[in-house]
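Quick one: this structure, given as structure tokens, is what I'll be asking you about.
All chains are identified by letter, namely A, B, C and D, in their written order; residue positions are counted from 1 within each chain.
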Amino acid sequence: MTRTVRDRLGDVRRTFHRYPEPGWREFYTTSLLVDELEAIDARSEEAGTGGIDEIVVGPEAMDPDERMAVPNDDDLETWFDRARERGARQDVLEATEGGYTGVVARVRRGDGPSIGLRVDIDGLFVEEASDDDHEPAVEGFRSEHEGLMHACGHDAHMTIGLATLEAVLESDFDGTFTVFFQPAEEEAGGGKPMADGPYAEGLEYLLAVHVGLDHPTGKVVAGIVKPLAMSHIDATIRGRSAHAGKAPNEGHNAIQAMATAVQNAYGIPRHSGGMTRVNVGRVEAGTASNIIAERADVVAEVRGETTALMEYVKGELRRTFESAAAMHGCDLEFDVVSESPRADSDDELVDLVYDVAGETDGVDDTVRTADFGASEDATFLMRRVQDEGGLASYLIVGTDHPDSHHTPHFDVDERSLEIAVDVLVESVRRLEVERP
Amino acid sequence: MTRTVRDRLGDVRRTFHRYPEPGWREFYTTSLLVDELEAIDARSEEAGTGGIDEIVVGPEAMDPDERMAVPNDDDLETWFDRARERGARQDVLEATEGGYTGVVARVRRGDGPSIGLRVDIDGLFVEEASDDDHEPAVEGFRSEHEGLMHACGHDAHMTIGLATLEAVLESDFDGTFTVFFQPAEEEAGGGKPMADGPYAEGLEYLLAVHVGLDHPTGKVVAGIVKPLAMSHIDATIRGRSAHAGKAPNEGHNAIQAMATAVQNAYGIPRHSGGMTRVNVGRVEAGTASNIIAERADVVAEVRGETTALMEYVKGELRRTFESAAAMHGCDLEFDVVSESPRADSDDELVDLVYDVAGETDGVDDTVRTADFGASEDATFLMRRVQDEGGLASYLIVGTDHPDSHHTPHFDVDERSLEIAVDVLVESVRRLEVERP
Amino acid sequence: MTRTVRDRLGDVRRTFHRYPEPGWREFYTTSLLVDELEAIDARSEEAGTGGIDEIVVGPEAMDPDERMAVPNDDDLETWFDRARERGARQDVLEATEGGYTGVVARVRRGDGPSIGLRVDIDGLFVEEASDDDHEPAVEGFRSEHEGLMHACGHDAHMTIGLATLEAVLESDFDGTFTVFFQPAEEEAGGGKPMADGPYAEGLEYLLAVHVGLDHPTGKVVAGIVKPLAMSHIDATIRGRSAHAGKAPNEGHNAIQAMATAVQNAYGIPRHSGGMTRVNVGRVEAGTASNIIAERADVVAEVRGETTALMEYVKGELRRTFESAAAMHGCDLEFDVVSESPRADSDDELVDLVYDVAGETDGVDDTVRTADFGASEDATFLMRRVQDEGGLASYLIVGTDHPDSHHTPHFDVDERSLEIAVDVLVESVRRLEVERP
Amino acid sequence: MTRTVRDRLGDVRRTFHRYPEPGWREFYTTSLLVDELEAIDARSEEAGTGGIDEIVVGPEAMDPDERMAVPNDDDLETWFDRARERGARQDVLEATEGGYTGVVARVRRGDGPSIGLRVDIDGLFVEEASDDDHEPAVEGFRSEHEGLMHACGHDAHMTIGLATLEAVLESDFDGTFTVFFQPAEEEAGGGKPMADGPYAEGLEYLLAVHVGLDHPTGKVVAGIVKPLAMSHIDATIRGRSAHAGKAPNEGHNAIQAMATAVQNAYGIPRHSGGMTRVNVGRVEAGTASNIIAERADVVAEVRGETTALMEYVKGELRRTFESAAAMHGCDLEFDVVSESPRADSDDELVDLVYDVAGETDGVDDTVRTADFGASEDATFLMRRVQDEGGLASYLIVGTDHPDSHHTPHFDVDERSLEIAVDVLVESVRRLEVERP
């Protein structure tokens, strides 16, 4: 019988860290999660604490029609094959094939409140540092997927989710506790299908958690406010190829159109109504040096302090791309791949988490709320709960991290894992008791 | 015993057409060429005409240190494996491994002049049309390599080269006749190593040939002038990644730098001294929508009516990229991958070809010279010959082509193949006799 | 004897409205101010309330070495001549010649606190609307200076300053009360010399006031916070001219460099630390269509939520311009013409004004603080007072305005003038009494 | 009685040099021309050689409805007033008011052929050098109009035109000889109205002359070929102003649109059909640093080796500007201000001039034709003559010039003036005799 997740927090996290997978392609990650969940279940059954009631993988865990930012079949297949080669469970592979990754795990006991916890599971297209300044490289748990990295702490989040679930199981918790291991957060693709799925129904309280975000180990933010609304966009500019030497005038240059669009995208005016963001994060265009480029593919995103501000930037971006394409005689496809709204943490829940954090070992700095400054598709789940009359809070558990999120030297301080579990477990307990 | 190449012009060309390979990766193409050359040799031996004296494949056919635009090992290997799977000859694979494609075939007889013929063999990164308007698709010889196409007529060139060689063999030619099946023309990578190789030494006359170039079937241009000097450039812009939502200011955005560079590259001033060209043909940059791009790879080329004009544009392009990188706090690598000079056809040779063409069946329009308007690394061979006191001409054999070179619907009129062979064989004969 | 300013609020404001003058060129405006101040003085003497102790015009009213954004001599002279032709007072013309506009008026009585009030006096380069939707046009007090307009309410500010001064004079105020009629606010040129001048010394309290800013008549904001730090920049790009047809390559195109700089200026990344702004507001470049432009003059500004954020954008802007100039072989001058820091209203003073406003007739909505969202060089005076241990607040008196500040249809609701005077006079009284 | 123009070539040219005036504003220049023409007439009458038959100034000298690139009234008036202040003749001022500058002078004798000579008279917006390397500055005949300069040799052209007329008058010429002193060449505004005017009718031969163009003193080019077709464009982008700090999103930024248009204008593809040119020569946009620019005025030109190529670039430019305006929510006006076609020198006339030049003192290098490489609205007159069955040639008389045309250090070698007069006078004589 393995030790509890709580006793192996660092190890569990490091295992996840070694196998980052991009959104909707977390086949092996899902398999690892199910392994751990089944082990928890077994220990719980062994201990007579009743076990996990439901471990749900695949389309049943979500509203499969609401998936966003799903990659193409080739891409899915590549990662699927890789997971199989690495030894992913056959049952998980079958359930997730086609990109239905993620897990929902539920404990049902008595008549207490229905409480949810949401953590995310996907990695990022960042090549992890391999130098001696980077602990995962030194300690031997650097990413084994070149070009991919858990550079946002989702490895920690999964670990926290598992340990919290196990601790709740071990406790005398009375109620329903559901942990959402959500896929495809980075592309804001997994939040909506989870929020629209069957397990989000009837939740009275929702907690979501993130580590770090520039807050050090020992600090807890009880609830974030002002997450940015966000939209991911795929744009394709189609022109006409021509021989660059003999007849450049016969081409409609998709690369010129793209460059014009990019330059002006970053020039979309700031807005009096609040913070906005725009980024063109990926460009692939043209074929060879002597051919006027026929096609340019662009991946972009816009964000806003409110959903309306996000819509403003998106509208400007669309016009910018349309005009740039028209300028060079090109056609444009402009697709919104995924989107997430804004949702704020509820005061009552923030108060409860704030009190809990203040009394937790290892916490030396507690603040009620902080601006998030980025986007999160946990907002779909938060809004679902709030719309049904429930309360939600998205808390930050500080962790010392040597470099920014989404960069090659990002790392988490594993001491923060225990703090997070303590705060969450105690918050769940109090929610059951106090029902704020 | 197979029929002569001349009797199978269309079939031979169609076989080459089905298997386009990019520069320095023409492993299967080289294998096909050697097959045909050996068959010619066999027929010649059978007929008692002496056979081909040398069929040279691999580093010995060129100056291997002068290869330009050689792709990386992975890329070479991919095409190498593909060629092997398709059934390429083991001896050719061994000789060309690492990217030493192409063939030189030589006939040596008596004391007559040393005459060369140069044809090129590589395909283009153009996805061939598959609709009913495209004869190769209708007739079943469309490219079997997705994304690659013989969209510039090199399939025809190889066929012409083989048939001319066989016809010279069959004739009472007295002298040395060398056919250069040159790889990597499109990237201007193969011309220099062939020109600097052992078989270019001592050539008294050089003929090079191209089909089409907007001239219809039945027309022959005896010699091109003003081919553009050209340089291929690979540029890499390296910045710093950052989270696009949380800290865009911490990034050094390689995509912004790239867009600035591209916009200004196309704005490099026209030159009073003559025609110039610039093109950014390929861009790949960044990773994901929410990450400030850390890197952008750009493939570009510059051309000029003279070598000096090409150098002017190249210098401006370099400064443009350097400044764009500096503007966004990025570093720049700017590498010249390959280059070709300008060389013009010699009058004496033009006159001879002009006279020959005027008397050739199927030719109804003969012009002495025409501007080339593009670049060609045949100029390396032409210059080598001219520098050693010889004469060179680059002739165009018209062919009806439904769409421009380098586009998906490009095709050649196979009737032009015979015309080309007739003009070349008779030109070789007269060169031997007249020694202009 | 004329009626008090308070009895003529609308008329006085309309007179100022008709003669907008740009920064450091408010010669006629200063003359009108002195006329009104002398009339106030005369009425006060007549009423036995002691008169104004000092009316100071010219270099003595400020630190003349700290003037920023001073226009060139020709420009100064043009407006100087216009003011003289319009009938400006000879003494004012003599004192202000060379661009030393503005007035300081001081009342000294007893030992009470030293209190300052700052209003600004310059107009904007906006062409005032002349249609029937614009009350100044309908009522006949539209700007008589074509292309200039009081489109920011400074006409109202001067009127409020005069009326407040007269009301304080009429009251039993005990202390020193100084009104700063500051020139050149729009270019942030006049705040620093006034703050560094002799009359800013020893102020214990400072009030500054602005009308409107999207707040309606009846609303008062007791103190603004977060005014943006700002910097005005003049940049000149110098290239080399050439004949655009014959030898474009011989030019170093200042217009291309300018366009590159502008495009990238607007693309300077948003900052995680808070709000930033950048604008290129004016460009003049080149001479004729057939000449490659030799020179481009650009007027720009940057702002930041903090002084550090402003410095960030300024640094990025400088690098952007330097790189754009270098890209096109041009030289760059990049001059900071003027700058204003950030300063926030002090809580104690905000509380006092808030209480006063809540009790003022016509005020139906009082808020403590609001973000300013723009820049103001009143911050120099505020910082001076705060640095010397005093308190400052910058209050907003709402006014219905049909269109945004700085646009052709901007107008103020004259009912707000009385509200402003009431709030200020009562605030001054309480400051004297309560000394917070 | 003054000496003949021929005896004062340098002085006359220097006088013109001191007073450069822009197109359609050559009021003082026209006055100087009339003074000289009347003096020639007087000397001729005195010498009994018959005098000038017609000296025509104003609308009668042209088709006034065909004037292009006419500046606005204010601009015309400014230069008109300046000319009057400088002492321009009252009769000339009356005839040219409103911008009808230029002169036609005609000699009618006997039944000989009708021969025309065309010279141009306007200056350029170039600020003349004032340093010791610039002879006009050293010798005291630098431009007295700041910012304007005879930087293209039109001062020399006028002088040559006058001297040639006087020499023809003095000779036994039999026929009609007409000299067109054409205004507004630089903007291609004066060629069409002169060509469509009454004095262009029935010309059998036309000579036009230009000095320099990179040919040294002593060289003559008998006729230019391939002048570029050209079009001048005025574009106005209209957006919406807003406060750059408070509400940048409310603006439609004409400066961003302009920068986008400029960047892409220079990126219009080169054309396989031949040489093209594009230039944005002047930009004026926006008002102040804190206002989003409401308007941008742009002056541009396009050229092409043929009229069709020019139309290609013009079409691309229009689309570029339209798209850039649309991208930023702006409106566009795009006006073709003036245009000139291509016209080539006729062989028969080139031969005659070539022969004459070869026999002229001081000429040591004669070439038949040269590419022009720039544009010229003399082509209107040339085409008119050619369309009516006559012959035209545009000759170049070399002159050493220290720097390029259209630059501050441009100057002419006055020794070339006499050469030009000799070639022209003798060509006129031969035309009369030989009637080619």
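Everything below uses one rule, namely that a contact is a pair of C-beta atoms (placed from the backbone, for glycine too) under 8 Å apart; a residue touches a chain by one contact, two chains touch by 3 or more.
Here the structure is a predicted model, which is why all the values come from computation and not from measurement.
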Pair joined by more contacting C-beta pairs (B-C or C-D):
C-D
Average the CA atoms of each chain to get its centre, and name the chain whose centre is farthest from that of chain B.
C
Distance in whole angstrom between the CA centres of chain B and chain C is 68
Can you check how far apart chain C and chain D are, centre to centre, with Cα atoms defining each centre and the answer in Å?
49
Overlap residues in chain C, where contacts from two or more other chains coincide:
246-248, 250, 253, 256, 260, 263-264, 266-267, 269-270, 272, 277, 292, 373
Note which residues of chain D are touching chain B in the complex, please.
263-264, 266-267, 269-270, 272, 275-277, 373
Per the touch rule, the chain B residues reaching chain C in their complex are 246-251, 253, 256, 260, 263-264, 267, 269-273, 292, 312, 319-320, 323-324, 326-329
Where on chain A is chain B touching in the complex?
124-126, 147, 186-187, 213, 228, 230, 232-233, 241-248, 250, 253, 255-256, 258-260, 262-263, 266, 277, 279-293, 296, 299-301, 303, 373-375, 404-408
